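Shared chain: subunit A. Partners: subunit B in the first complex, subunit C in the second.
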Partner chain A sequence: MQIKCENIKYIYNPKDPNSYYALDDISLEIEKGDFVAIVGKTGSGKSTLIQTFNGLILPTSGYSQVEYFYITSDKKLFKSKIKNLSKQEQIDNKKQYMLRKKVGMVFQFPEYQLFAETVLKDVMFGPRNFKVPEEEAKELSKKALSEVGISEEYYEKSPFELSGGEKRRVAIAGILASNPDILILDEPTAGLDPDGKKDLIKLIKEIHESGKTVILVTHDMDVVMECASKVVVLNDAKLMKICTPEELFNGDDFETFALEIPTFYKFKKMLIEKGYKKDISSINDFDSLMGVLGEKHE
Partner chain B sequence: MSKAIEVKNLCFSYEKDVQKIKNISFSVEKGEYVTLIGHNGSGKSTLSKLLCYLLEADSGEIYLNGIKVCEENSAKIRKIIGIVFQNPDNQFIGSTVENDIAFGLENRRVPREEMKELVLKYAQKVGMEKYLKKAPDELSGGQKQRVAIAGILSLNNEIVIFDEATSMLDPEGVEDIKRLIRETKREHPDLTFISITHDIEEAYMSDRVIILNKGEIYKDGKPEEVFKDKDEIRKIGLDIPFVLKVKNALKTKTLQIPDEIKNIDELSDFLCK
Partner chain C sequence: MNSVFGKLTPYNTIIHRLDPRVKIISLIALMVMCFLPYGNYANRFIILGGLFLIILFIMLLGRVSFLSFLKSLRHIWFMMVFLVIIFALIPQAGDTSTKHVMIAFENGYTIYWEGVLQTLHISFRLGLMLSLTLILTSTTSPMDLTYAFEWFLSPLRLIKFPTQIISMTLSLALRFIPTLLSEANKIMKAQKSRGVDYQRGFLGKKIKSVTTLIVPLLVSCFSRSDELSLAMNARGYEPYEKRTSYNILIFGLKDVVAIFVVLILVGGFSTLCYFTNNVEGFDDMINMIFGVATF
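Here is the complex of A and B:
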């Protein structure tokens, strides 16, 4: 287990009498090397949950754990958890700098966080912040920029003079350049053109295959279908389900979670409901389905 | 004059010698629902800002309802065309949701009572009526987008542009807004609606698709025509709609699907027949 939540609850404004739980008693475990998709409708708590993994949000009760880092605002619990750690680990736990280095987070609208004078400087900020020497940081940044499809002619441009999709790509490069062990992305494909989306998914998959843990918050079920090994479904601050994508898409509790089923599965379900003459229930990919539909069709 | 938009030889560059809009010409009939698609940086937002006179063309002409887009006509232009921007923070002007929706109406000197009614009516249409007193920093990105949409629709412009106006909403929210647009178009058949989007399924359902590529019009026509040649679409980094993918795949297996079938509902009916 690399990441764990144990009975975490979170309230944004505890003093407000009308406040409610943004996270309500969530427990889960994520293994090193998992590719996890977190899904659920707007306001279900997805962004709140992942921010407990890099310490930006401290659970009101319960704790999140990332390797030897403990994240909670319950001081007693925190003390009892770090008590048996080594001296250095205890120091790391208190500073959280190492946690930020371990967990790279691409926020929901990362383009709003661009600030430097030039694209290249903006991307270099991450690695420089983690004390990577100037030249190396530059190389890492150039590599990351090319991975997200931003060419050299953009390096000296101001990030504010980019199109929406270009800003998104630069912001993602900023995180990739720091080379975190755990990569968390909050709806990274919104606003990207189809190729940009495909390239980004391919890149994330490669990063995953190189041994990293990837956590992806997304509304795009095609992405879930293609990438995730595990899906976490949130609804109204509660954990509904942890399952595989196939289990989720072939199941029938979709509407309850207000999720958009991938077009492929929508189509397959329609065919089954309308009484298609062959059994297609166990087919889970496009080409095989086309094979059956096109098979001696008279 | 039944043309809502007429664009002739339009050119634009942000920096000298780097043209981002390259000699574009097209026209849009009143009441058309046009989707504008293209890769990141192809010039979609730039073109839409030129149409609204938020940017000034280097050369070429634009007419909205026959009125030339230029400094002298800028007040008239603002009455004809409204835009919802890609980034809702660029749009939020009022200190509260209520004030923000009212802003455009105030500029048009709509009487107070009527204005109040309109603000409530349009807040309800986008599901934001419970947030009227909230400040922008208390809203999520998707909620700001809803407010921006309410503000524009309340003005009843003849031409409305949505620049990825629902990019921050969840699928249910996107559906709500699509429904709202359909309703509005039913009430005002003359509304010319231009949607900038990366959603090719939406493009496939519109009246007409214009594809921009590197500042030029790459294709312009009915969705079936525009998406017909898969390789040409793939070449510029775009994708084709699901129904067409199925049609193409089955064609290679010698199963022809009639042209008039446009969505998976009709498609599954046909296959189960």
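Here is the complex of A and C:
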């Protein structure tokens, strides 16, 4: 288990008449190397949940755990959790500085975080904050930039001169350069054109294949179907379901979560409704479905 | 994000329902009452204490959190320390023979009671001003405040002053404060994820950290204002056209009562101010009633 949430609750504006639960009693576990999609309608608590994974938000009660890091605002609970850790781990827990290095977070519209004079300097900013020596940070940054498809000619350009898609790739490189073990992306494809979206999804899949744990918050069910090994469904701050994408999209309760049906399942549903004779209910990918459809023609 | 000014609390109290114009006038009137000279220090503290009790009562009526008042006081600590240095610690110039010694050091340096009391007095006044501002901002929506300002500025239209443009600018600025705060919050979180620590570090490091917030915030601010002006143009906004308002402020009975109460308070405090400064023996009366040394 790499990430764990134990009965976490989070209240926005406590002691205010406008206070509300953003997370209500959420417990879940994520294994190393998982590709987890967190889905749910707007305001269901997805972004709040992922922010507890790198300590940007401290749960009001309960705790999130990332390896040996404990994240909670309950001081008593925090002390009891870290008391059996080694001295160094206790220090790391108190500073939560190493946690940020371990868990890279790409926010929605990450291009808004760019600030440095040049693209390379901006990407180097993260590693330098994590005390990586300058030369090594430069190498890591160049590697990250090439991974996201930004060529050398851009290195000395101002990030503000780039196009929207390029800015986003630079911002993602800024996170990748710190070489996090866990990568969390909050709606990374929002506002991108189809090609940009395809490239980004390809990149995320490659990052996952390199052995990193990837957590993706998205409304795009095609992406969930294509990439995720596990889906976490949130609704009105509550955890509804943890399952595989196939279980979710074939399930009866899918529509109650106000999620969009992936193109494949729309097509499959249409075939069944139009009276396609063969049993295709257990098929969950286009290749297998095409195989069955091909058989009919022969 | 904490601020000296309060955040609107969505209750429906009598204070919330008052006309914003009445609230602004009352705020100014009560602020002036804080700054009237009430004779010697004992008088000043007793009278300002009375004013504080009245303000507390208004806070209670408007369900303004006392905790948020205490929190807002944190922002004037710096000012108080500065005042202590100015009034109590810096040697007093001029004739000091009439002043009361608090601490006399061997090297001749002296701290006078007057200096300390002056610091306390100014801090008390500032605290009262803060509490009044907090009541206004906690019980009035920014848009209502804008409508009220527009109304106050309306006589200037006679001299062709563009009051509507000013009020539109003001309302847009107010409208974008929460957006910018949320934007700043998002950027801070994104930079924290890249290892920026906004809390710790020395001045140089802090300035560097703030740059990582300010630059993206300015860029986003300009891009938003650009988009907004285009959107306004697209919807036919013409700054010099005559405009009507969707929200019309109505002056009701409760507002008349509120103005009446404020007038009584202004009358009462002005009378006290007059008595403490012009009627001989009034200081002694206070001394007799409360048993406090007056100087």
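Methods note: the second predicted complex is superposed on the first by the 290 of 298 C-alpha atoms of A that agree within 3 Å, B and C clash if a C-alpha of one lies under 4 Å from a C-alpha of the other, contacts with A are read in each partner's own complex, and residues count from 1 in each chain.
Heads up, the rule we're going with is that a contact is a pair of C-beta atoms (placed from the backbone, for glycine too) under 8 Å apart; a residue touches a chain by one contact, two chains touch by 3 or more.
What you see is a predicted model; the values in this text were computed from it and never measured.
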Query - Fit-or-clash call for subunit B and subunit C when the two complexes are aligned on subunit A - result: clash
Report task. Scan A:Phe160 for contacts with subunit B and subunit C and give back first, second, both or neither. Result -> second
Query raised in the report: Looking at the overlay, does A:Met1 come into contact with subunit B only (first), subunit C only (second), both, or neither?
Result: neither
Query raised in the report: Of the two partner chains, subunit B (first) and subunit C (second), which one does A:Lys41 touch, if any: first, second, both, or neither?
Result: first
Query raised in the report: Looking at the overlay, does A:Gly104 come into contact with subunit B only (first), subunit C only (second), both, or neither?
Result: second
Query raised in the report: Of the partners subunit B and subunit C, which touch A:Ile91 in the superposed model: first, second, both, neither?
Result: neither
Query raised in the report: What is the contact status of A:Tyr112 with respect to subunit B (first) and subunit C (second): first, second, both, or neither?
Result: both
Query raised in the report: With the two structures laid over each other on chain A, which partner does A:Leu271 touch: subunit B (first), subunit C (second), both, or neither?
Result: first
Report task. Check the residue A:Val292 against both partner chains and state whether it touches subunit B (first), subunit C (second), both, or neither. Result -> neither
Query raised in the report: Looking at the overlay, does A:Asp16 come into contact with subunit B only (first), subunit C only (second), both, or neither?
Result: second
**Report entry** Winner by number of subunit A residues touched, once subunit B and subunit C are compared
**Finding:** B
Query raised in the report: Between the stretches 76-84, 220-228, 256-264 or 274-282, which region of subunit C is in steric conflict with subunit B after the superposition?
Result: 220-228
Query raised in the report: For subunit A, which residues lie in the overlap of the subunit B contacts and the subunit C contacts?
Result: 112
Query - Residues of subunit A touching subunit B in the complex - result: 41-43, 108-109, 111-112, 161-166, 168-169, 190-197, 219, 258-260, 263-264, 266-267, 270-271, 274-277, 286-287, 290-291, 293-295, 297
Query raised in the report: Which part of subunit A faces subunit C closely enough to touch in the complex?
Result: 15-18, 51, 54, 56, 97, 100-101, 103-105, 107, 110, 112-115, 125-126, 129-130, 160, 174-175, 178
Report summary line: In the complex, subunit C touches subunit A at residues 9-11, 65, 67, 183, 186-187, 189-197, 211-212, 215-216, 219-220
Query raised in the report: Mind pulling up the subunit B residues that touch subunit A in the complex?
Result: 14, 38-42, 45, 86-87, 89, 140-142, 164, 167-173, 198, 200-201, 237-239, 242, 245-246, 249-250, 252-255, 264-265, 267-269, 271-272
